Each structure stands twice: as C-alpha cells, then as structure tokens.
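There are two complexes below, and they share subunit A, which is joined by subunit B in the first and by subunit C in the second.
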Partner chain A sequence: MIYNLYIFDRHCVCIFYIDWHRHRKSGGIMGSNNAGTTSTTTSMNGQPDGGDSGGSSSSPAHSAAANNHLASHHSTTSQLTSATSMFSDSRLVNIEEEAKLVYGVVRTLRNLVNKLSGNQDGFISYRTSNYKLHYYETQTGLKFVINTDPSTDSLRPVLRQIYTNFFVEYVVKNPLAPVGHPGGEGVNNEYFKAAVDKFVKNLPVFDS
Partner chain B sequence: MSVLPAAISPFFTALAAGDDASSTTSTALTAGGSSKPILVNESCLEFLMMEMVDLMYRTTADSENDKESVYYKLEVLGYQVGQSLVERFTRDRPRFGDTLDVVKFICKDLWTIIFKKQIDNLKTNHRGVYVLQDNNFRWFLRMSTEGGGAEATKKAVPYLWFPCGLIRGALANLGVVSVVIAETTVLPQCTFQIKIAKS
Partner chain C sequence: MIYSLYIISKAGGLMYQKDFNEGLAHLTANEYLVFAGTFHGVHAITSKISPVRNSTSSGLEVLEADSFKLYCFQTLTGTKFLIIADPTHPNIDLVLRRTYDVYSDYVMKNPFYTPEMPIRSELFDINIVKLIKQVGG
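Here is the complex of A and B:
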C-alpha cells in the first residue's frame, strides 16, 4: 500500500507532493474527531505564507482518496496553510512543515549513510513499525521520497521510473515549466500529475 | 557542398537524414556526398526550441508593444530558417506545378522533415486561402500547466510564431508571397491559415 510521494529539489524545496491512502493509523479512529483533515495534494513553493498557484483545486488523487474507507473530509480550501496533516499525537502540522521534517530526516540519514558507506549511494530506504520510506536521488539533486506500508519491497525502481518517464518528459521537457522550477513552479502541471497518479495506481503494491 | 548559413537548419537536416541518436554536432558536410548522415540528439533540438521563445521574451525590453516585437522576432527567425530549409530540400525535386503543389509540399515533406509527421488536414477555398491543421502538434505534446487546458492554450501561442515564419519563408522562397496566421483551440491541436497575396 502506497501512502504518499514527495519530490524535493536541490534547494531543499518540496516541489511536488501527492498522496493516496492517507489516513490515521493509530487507534482505529473511524470518522470520529476529524480535527485534522487529509492533506490536499498540491505542490508547494518556498514561501511560508501559503501557495497562490500552488494551492489550487483538488487533483485526481482526491477522487482516489474517496475510496478510502475512513470518512475523513478532504479540505477543499485553497489555502495551503490551512491544510493539515495528521500525526498521531494530535499535534496538527501543516503540509509545509511536514515536508520540511521529511526533508530533514532524509537529508540527515543520507549524509550519515554516505559517510559510512563511502562513495556510492548508500541510503535506499528505512523502515519503522508503521511505514517504510523509499528514497531515490538523482545526479541533479532531485530527491524522490515515497512512503509505503512496512511490508513492501524496494520501490527504488519505481521512483527511478517516475523520474525518467514522467518527470523528465512532462516537467523538464515542458516549455511552460520554467527551467529550474524556482519554488516548485511548473512541476505540478496536469500531465505530470495525471501520469504519476495513473502509474502509481496501476502498481501491484498499491492496494495490497 | 557549402555549409548551410542558418544555425538552426543543420539540426533539421540531420533530423531528416536519420533518427535521433546522440552523435557529433558538427555541421560540415563532406564533399562528394559519400559521408554517413550526421545525427543530432533530438532532445537537444527540443530544448533549443523551448529556450528560443523564452529568450525572445527575456531579451525584449518591457515596452508597450513587447508582445508585438517578440512575435516579430520569432516570425522573422522562422522566415529565414524556412527559406534555407526549402533551398536545401527542394534540391532534387521536379518543378512545382502550381501553388497547390507548393502547399502540398509544405504539408507533407517539409512538415515531415521538421516535425516527423504530416499535416493532418488541408483545406482550401481555391481562392488563395489554405488552412492547415495539425492534430498532434509535436511541440504541444508535453505542454501543460497547473491551471489546465485553457491556461496552457493561452501560453502555447508564442510557440506557434516560429512555425508561422517557417511556412511563410518556405513559401516565399518558392515564389509565393503570403501571410500566415496560427491559432490553437485545444492542445495539442493547432491550425495555420495561409493567405496568398494576389498577384
């Protein structure tokens, strides 16, 4: 079961985020206490005061979230800062903060592993009792992070495919996406989002 | 064989000669015509074309008619490239019968050379107006924005100005003076309208 996907660029900015089966994991909370809402799937820009173009309408991934049996409302607001993610300790953190946390974890682990393992890409994934995080970094500093349930095999080839088949095709080769995507601009376009969504949903591990 | 004057024409020549494979970007053709075709990486050309429009916007000073001057620059650029292309690719062909043959050459051969496909639909009113329709315009295949179709369509228009100039230049060098206008309603479809000047 695949939970969500982040893409960070080499300037430590989260340029793309999409989620699927995102719900509370702890304590079997079914529909009660929806103080938190599922995070909207939008891209992020570097400014902390919420996206303007980034916070636009819900994406195709939201219709996928509808088949999530837990009745969590997804927020339809367009302000990024009001979207919250859910942590089991009921501390509501918004999506930007969450992305920064993820980036921090990933970067620290990567530096640590690289120091230990020498010159090649050391850090591939890590696993906790609740989830498994898979990581793929390109030569240009793009970082692809995907979270799945703990029993999934390595999704590194999947991440690599997302990069070569979708990111390069629909973002890098998109004339309307500025080169270098300052602040994540141009990454969250229609074709890329739709292609990644369709691809991930067709993976065998998606629903398992 | 002399080296082609325009900088962009060799890219198209190489594309016509072989498919995309990464190879040398040397532009000199050896004499005698016995050399292997020189191949150019297709991604290089695509990125160059993408950057061309951005470059025109960047290097045009913000004045009241900057959109006009971007249009003018791109169109004239296309005009010159079109002239050179036609010079090169009508070398071995028999003479054209009339204007319709010239337009058909553009729809089939020239479009195949540049975009690897033919024009999908050609309409004419037999009084000097031709409408060329391409249902899967190559440069539009990857264009999309966050806001979806309408916004992307609006932003895609500058990318049509260079092909306009291409068509006009090609026609001009074959003896047909014209005005070419392009428009797009739904990506990746686009239409070029050619109006032949009455002589």
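Here is the complex of A and C:
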C-alpha cells in the first residue's frame, strides 16, 4: 500500500506532493471538519466586526462572549485557514507543516547515517509500526520520499525511476520550467502529475 | 555481526554506549551524546508524521542504510535500546529484548544506581559482552 510521495528541492522546500489511499480512510472526518472550519471562520469575521461598530460600551463583553462561544465549539479550528488543514486525533496534520517535519526527519537521518558509515547516500528507509518511509536523493540534491505500509520492500528503484523517467522528461526537459522550481513551479505540470500517478497506481505494491 | 549498542534514557541522554565490532566510523564522546539526543528527537517526530490517519504509530523501529541496519526498541518506561548491526544479521529483536533483561538484572536491580545516569557497572559490561558473543556478534 502506497500512501504518499514528497519531492524536496535543495532549499528544503517541498516542491511536489501527491497522496493515495488517504481520502478513503479519513474522508468523512476530513469533509465534516473542513465544512466546520470554513463556516466558523466566516461567522467569526462577521460577528465581532458588527459588535465593534454597533456599540463600543458593550463590545468587549459581547466579543468575549462570542469568542467563548466559538472557543467552546471549535477551539482548535479557528487558526486554520488553508483548505488542506484538518484535525484528527487532536493533532494538526496540515500538509505544509507535515512536509517540513518529514524533511527534517529525512535530513537528520541522512546526516546520522552519513556520519556513521561515511557514505553520502547511505540512508535507504526506515520503518515504524504502521508505515515505512523510503528515501532517494539525486546528485543534484533533490530528495524523493515515499511512504508505504511497513511490509513493503525497498522502493528506491521506483523513486529512481520516477526521477529518471518522469522528472527528467517532464520537468527538467521543459524549456519553460524555471531553474530551481521556486514554490513548485515547473514541477506542478499536468504531464508529470498524471505520469507519476499512473505509474504508481500500476505498481504491484500499490494496493496490496 | 553487531556493531554497537546504545541505551538512551527517556529524556534523550546517552546512558550507555559500547562498540563490539569494527566497521563503522568512530565518533568522539561528544558526538555520541549528540547522536543520542538527535535520535531521541527524530524518534519522537517519526511517530507524529504517520500517513495513516486515526491510528497511533510507534516511533522509528528499524532504520535501513546500505552498510548497516539500526534497530530501536523502546520500553514502556521510555528507555530506548539501539543496536546497530550488519544488514544480514537475523533476530535482532530477540537480542534487544535480552539486552533489556540484562539491563533489568544488573542495572535496575542495583540499589546504588541512580536512574537516568550513565551506566558504570562491571557486571553489566561483562554480561552484555557475553550476550553479544552468544548471538554471534
């Protein structure tokens, strides 16, 4: 079972992200939470403004009450702005935040392995009780990370193929793609996305 | 072949470190402490970034590199046992649990031992070496 794929550039930025098998498991929670988030943020923007402009004497109590009311209902969702944010098991799983954590882990482990074995690309994968992370780094410092279930064999060849067959073909060889892909520009093209999606979905380990 | 053993306290401090075989780079005493602290942090984060929703993941259990494999066993009290071994070495899980037995017997049952402090016990040393020899380290 393959869960998701990250590509990081040399500047620690996640330039590409795609996931599979995620919607099914968390679809209901994600949908309801997102709906709740958007509705509360709009109502929160409306109410305190109206109270402030209406009467200054009663506004502190009013806004405090409104805040309390909101806090009791959605204490944790008020800070969320992006549509990808959601809560499950009381922890934040914003995609951007998560990508930063993944990058931090991968880079730290790579450096640890490098220090112990003296080999530049020694780090292959790690496994926990419910997922396995596979890692591949190109000579140019691009980092490919894929998460699967723990019983999957090494996917380093697959990551290499994604790089040579798709990344080089559709991103590097695109004359309009900028150098260094700031903010995912250039990587974010339909051909690359579709090709990677199709390739991964056709792997024997995708659904097993 | 087992390269080395680390014991990390629940606060991330290095309690014990021993090399059994050559094969990995030698670190300075300070670098060993940094290694333990870094691993402790990474271990905590790896349990948070699980792509599987609605289930709790353990921290890192096995790290695979081209020239070695690192196995981590975390006890219920948060102490971590790390073994770095040859990628082909079988049954490291068993070795980790037996290391925990030796630790319980010769460290925790020692009335003069202060918890979380570096382990300086001759008996523990002797028995660990014996255990590693037994399992073909």
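Just so we're on the same page, the second predicted complex is superposed on the first by the 141 of 208 C-alpha atoms of A that agree within 3 Å, B and C clash if a C-alpha of one lies under 4 Å from a C-alpha of the other, contacts with A are read in each partner's own complex, and residues count from 1 in each chain.
By definition in this document, contacts are C-beta pairs under 8 Å (C-beta built on N, C-alpha and C of every residue); 3 or more make two chains touch, one makes a residue touch a chain.
Everything numeric in this text was worked out from a predicted model, so none of it was measured.
S.K.: Touching A:Val113, do we find subunit B (first), subunit C (second), both, or neither?
M.R.: A:Val113: touches subunit C, not subunit B.
S.K.: Answer with first, second, both or neither: which of subunit B and subunit C does A:Gly104 touch in the superposed model?
M.R.: A:Gly104 contacts subunit C only, not subunit B.
S.K.: Can A:Glu190 be said to touch subunit B (first), subunit C (second), both, or neither?
M.R.: first
S.K.: Just to be sure I read the superposition right, which of the two partners does A:Tyr17 touch: subunit B = first, subunit C = second, or both, or neither?
M.R.: Once the two structures are laid over each other on A, A:Tyr17 reaches no partner at all.
S.K.: Just checking: does A:Asn174 make contact with subunit B only, subunit C only, both, or neither of them? Give me first, second, both or neither.
M.R.: Touch partner of A:Asn174: subunit B, not subunit C.
S.K.: On subunit A, which partner's contacts cover more residues, subunit B's or subunit C's?
M.R.: C
S.K.: Have a look at where A:Tyr6 lands relative to subunit B and subunit C in the superposition and call it first, second, both or neither.
M.R.: It touches nothing on subunit B or subunit C.
S.K.: Using the superposition on chain A described above, determine whether A:Phe144 touches subunit B (first), subunit C (second), both, or neither.
M.R.: So A:Phe144 meets neither subunit B nor subunit C here.
S.K.: Taking the two structures together, which residues of subunit A meet both subunit B and subunit C?
M.R.: none
S.K.: Show me the residue ranges of subunit B that touch subunit A in the complex, using the header's touch definition.
M.R.: Residues 43, 46-47, 49-51, 53-54, 139, 142-149, 152, 155-156, 159 of subunit B touch subunit A in their complex.
S.K.: For subunit C, which residues count as touching subunit A in their complex?
M.R.: 24-25, 27, 31, 35, 38-39, 41-42, 45-68, 84
S.K.: Would you mind writing out the residues of subunit A in touch with subunit C in their complex?
M.R.: 3-4, 19, 22, 25-26, 29, 88-89, 91, 93, 98, 101-102, 104-105, 108-109, 112-113, 115-119, 121-131, 133, 147, 154
S.K.: What residues of subunit A sit close enough to touch subunit B in their complex?
M.R.: Residues in contact with subunit B: 43, 53-54, 56, 169-170, 173-176, 179, 186, 188-192.
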